[in-house]
Amino acid sequence: MRIGFIGLGQMGRPIAENVIAAGHRVTVWNRTLEKTKGLEATVASGPADAARAAEVLVTMLSDDRAVEEVLFGREGAATALPEGAVHASMSTIGVPFSRRLAVAHANAGQGYVACPVFGRPDMAAEGQLRVLAAGDPGAVERCRSLFKAVGQGVIELGEAPERANVVKLLGNFLIASAIESLAEAFAVGRKHGLDAERLNEIYAGLFGSPIYRSYGGLVAEGRYQPAGFALEHGLKDTRLALEAADEAEAPMPVAGVIHDHYLSAVARGLGDHDWAALGQVVAEAAGLRTD
Amino acid sequence: MRIGFIGLGQMGRPIAENVIAAGHRVTVWNRTLEKTKGLEATVASGPADAARAAEVLVTMLSDDRAVEEVLFGREGAATALPEGAVHASMSTIGVPFSRRLAVAHANAGQGYVACPVFGRPDMAAEGQLRVLAAGDPGAVERCRSLFKAVGQGVIELGEAPERANVVKLLGNFLIASAIESLAEAFAVGRKHGLDAERLNEIYAGLFGSPIYRSYGGLVAEGRYQPAGFALEHGLKDTRLALEAADEAEAPMPVAGVIHDHYLSAVARGLGDHDWAALGQVVAEAAGLRTD
Amino acid sequence: MRIGFIGLGQMGRPIAENVIAAGHRVTVWNRTLEKTKGLEATVASGPADAARAAEVLVTMLSDDRAVEEVLFGREGAATALPEGAVHASMSTIGVPFSRRLAVAHANAGQGYVACPVFGRPDMAAEGQLRVLAAGDPGAVERCRSLFKAVGQGVIELGEAPERANVVKLLGNFLIASAIESLAEAFAVGRKHGLDAERLNEIYAGLFGSPIYRSYGGLVAEGRYQPAGFALEHGLKDTRLALEAADEAEAPMPVAGVIHDHYLSAVARGLGDHDWAALGQVVAEAAGLRTD
Amino acid sequence: MRIGFIGLGQMGRPIAENVIAAGHRVTVWNRTLEKTKGLEATVASGPADAARAAEVLVTMLSDDRAVEEVLFGREGAATALPEGAVHASMSTIGVPFSRRLAVAHANAGQGYVACPVFGRPDMAAEGQLRVLAAGDPGAVERCRSLFKAVGQGVIELGEAPERANVVKLLGNFLIASAIESLAEAFAVGRKHGLDAERLNEIYAGLFGSPIYRSYGGLVAEGRYQPAGFALEHGLKDTRLALEAADEAEAPMPVAGVIHDHYLSAVARGLGDHDWAALGQVVAEAAGLRTD
């Protein structure tokens, strides 16, 4: 299949490698050219060029704005993408924006599948992502070999594309919420004389969850650099979860707490730390040393 | 070993059965006599009577007040317990109260081990609880065969008994926090047209945690009766976690959210529902039907 | 002065009357024509028509979307407004949107003054509003006779127009925060057997503030209809305050609480009640009857 | 009237002076003797000595524990106070504790009036406090000349003494809530380039409230020392308000936010600053410099 692939960041690059390895003919584009090096792919001169001959156009970018720019900005991919081709949007974007994309592509006779993923860069490299997919069944069908190349299975969520984005955003909220809760527990525990790494072992055992174990470990050790997933993206995702909640008229008070802590972290210069650095905000609020 | 055992509720009864099955000579007491039926144990006439000949006195009661009553009330166990004997306090009690117990027992020449447990009644029946133990090493040693009878291993937490209570309370907070977060996610998801049970499957897979799967299931189905663990006890434990946080000067904003929701649940008559009924409070706040 | 005036709602209509009474030549436009009846003003055929000959164009609309539509939609006012004329934006709009308006008008050689107001409809009728004004000094100067006609004085906030919007949004947040706090206090007081109206008297005396007295009165009596200011607008303003906070990287946890309560109110059908109906959300959370 | 007066702190000393000036025969006791200097009063050798001959015993102490110590500790006042005499408890104490005092005094044939006050030390000096009084009508009557000496009028709240404490605690919550909200607004405003003192002027005008003006001024200037009312007492009062809310089964989420901020302030060494130092916690969370 001819695939246009836009966005070769921490997640996009290993995904693209797997797509290429699966035998697809891939044309890539990235804002900074050097990220394209070493890929057995055609390098496009711009987003439009990457889209022009694609049967499926993959975008894997950091936020709504980046996707908007690439699709509708100068040399944008949206008008270049052939009628009948499908835009497979893997980025973690917002619900209203995803709905707008659905309309824009439908108006242009193009397909649109929202297909964000769960998993971090190492899982992307191993083709072990979980793909959440929603959209027109025919369009989803067209993406199946793509999904197979990148993940350990597809969770299908029906015809309304934005629902895949809802599920992704709520999933990230649940992870952030686990981090925040562990951070609060460890801070109180430490001030009662307990060792945070010991606590992490106990609670990882209680929950039996790799997510608790790994994020709890980062918080217990206060190890927030280098970032697996940057805190400023955690803030962005929390903001998008709250946007989805607001639209749905359903309060999320715990998401509010997390949003405030991420905002405070960014205000204090921790935007490039791992999103587990909620632990640092919480520890400092308790008067604990964090260095 | 001669064991006094006070408190034969949902947790206490199966624990007592396992202690008896392990070959200990047990004298039991319970506020309502009928709970003692069918146990191969001596039935005491009061708390003091249960404590009088004990090498280890186990208490497994619902809250600080119940423990205080049984120890220091009329015919209380505290003065009857022989010098050199050990009080093994399995109840989920507060940190300052546990510290007071430590002092009282030390003054009376008795040992004191705080040994709350993780696990629900079915795990108690199978002897699969996790025991958290802290206290004087000699006293902990004396309880080892007891712990072996009830659990799958002991997590030892040092000489300050109240630290075991801290770890237990923070563990319950983490579970309540997972429930609250799932409830928020499901409410938003439902209002975006997603099915809560489907979401639960997805997130249980993401976290790989039996706790997420089981509590998420209760919330997804809105099945809060009969209660595995009553909401009013969840409120009590959250209050005790906040008390421990207050004493440690460490804020727990997520615990604050949970406390408010539990309080609201009790105010609206849900105190005897499962503590997962956070899901109902959250759903109603989103204007969702819950019946 | 020739004034175009768009938006004749609860606030806009009495303001327009005062502007006309001050002797200006006014051309009005409103989405529903009947609101224009009885005004000694020319009735425009559309937004563009209202703007065409204006020296100052006033907009007083309910939200960002309405202003965007009127300016940039079909027959929009933005292109019709003459070079050198000034757009006086009295609506309570968001900070990023206000900044966008400033750029758009500057690009078109038009002036732009953000001039939201404090005060409710009765104060508008009496010309007793407080005007918050920011923008280019020359443009502000051009609006001075307008401001004189509608308010008891102008609070000038410098050259960056969006700062006037920030001050307005934070002011509304402070009022909502006072309502929320009173609601929490009254709920607890009532459940301790105290009378809410009595409490309101006491706290109105303590604060010496007409705002506490009047909103506290609404909450104490549970009188939320008819709405002086609709709750759905209170939600919108809280959302815009949080947007301004997010952009500024400054957490507002109390605004988060209020946002959640407004969202819950709208989800339960209270969007058209007075924004003081925070009191109903809080009372119901405490299990109090509210009818 | 013969008055025993225990507690000569920032509030107690000026109150005692006014009681003496009103012509009562006063016997004082204070933990540190030097605070008694210069008063035209008999100095007691202990709490019991101060109570022994009193018709009314006034206590004005910092918290539940201090009152408990003075009444029921060594040489405690409770047993020394004559039958028929009245304990006028002016301290800001908790609701359950006040209820316990009522029972204890009733059992001893003594009267008990809860009579906490609104007002700061300067208002105490001028005899301008607002007294909140509740208790048996006869006992309240006995205190009338006392109340006249210290305040500008009495707000009577019925026969259940603890209701006066509820009203006091909720009043302090409302003040703390105003401080917190102003702090949030100023932080956001400052980060949008606005001057906090200017904002304070605007909002003090909007609310028309001396409380907003004065506390807003402290926050705007970041002037938290010397403390008019120490933050650690603000924390204590918030804790007592939450205790009253918990008992009443009525959530107070804004009180939760304030509690967390006070706790964080104390954890970071600000316990002896003014309780307006909520402003510092909020500013630091926004990454603003506060020195």
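By letter and in written order, the chains are A, B, C and D; residue numbering begins at 1 in each of them.
We take it that a contact is a pair of C-beta atoms (placed from the backbone, for glycine too) under 8 Å apart; a residue touches a chain by one contact, two chains touch by 3 or more.
These figures come from a predicted structure and were not determined experimentally.
Trainee: Among the remaining chains, which ones contact both subunit C and subunit D?
Mentor: A, B
Trainee: Which chain's mean C-alpha position is the greatest distance from subunit B's?
Mentor: Relative to subunit B, the chain with the farthest C-alpha centre is C.
Trainee: Pick out whichever of the two, A-D or A-B, is joined by more C-beta pairs in contact.
Mentor: Of A-B and A-D, it is A-B that has more C-beta pairs in contact.
Trainee: Have a look at C-D, B-C or B-D and name the one that copies the A-C interface, over half of its contact pairs being the same.
Mentor: It is B-D that reproduces the contact pattern of A-C.
Trainee: Whole-Å distance, subunit A centre to subunit D centre, using C-alpha means?
Mentor: 51
Trainee: Which whole number of Å gives the spacing of the CA centres of subunit A and subunit B?
Mentor: That gives a centre separation of 38 Å.
Trainee: Counting only residues that touch at least two other chains, what does the list for subunit A look like?
Mentor: 245, 249-253, 257, 260, 264, 267, 285-287
Trainee: Please give the residue numbers of subunit D that touch subunit C in the complex, ascending.
Mentor: 95, 118, 130, 132, 155, 157-158, 160, 162-163, 166-167, 170-171, 173-175, 177-178, 180-182, 184-185, 187-189, 191-194, 199, 202-203, 205-212, 241, 244-245, 248-255, 257, 282, 285-288
Trainee: What residues on subunit C touch subunit B, complex-wise?
Mentor: 253, 260, 264, 267-269, 285-287
Trainee: Sort out for me which residues of subunit C touch subunit A in the complex.
Mentor: 239, 245-246, 249-253, 256-257, 259-261, 263-264, 266-267
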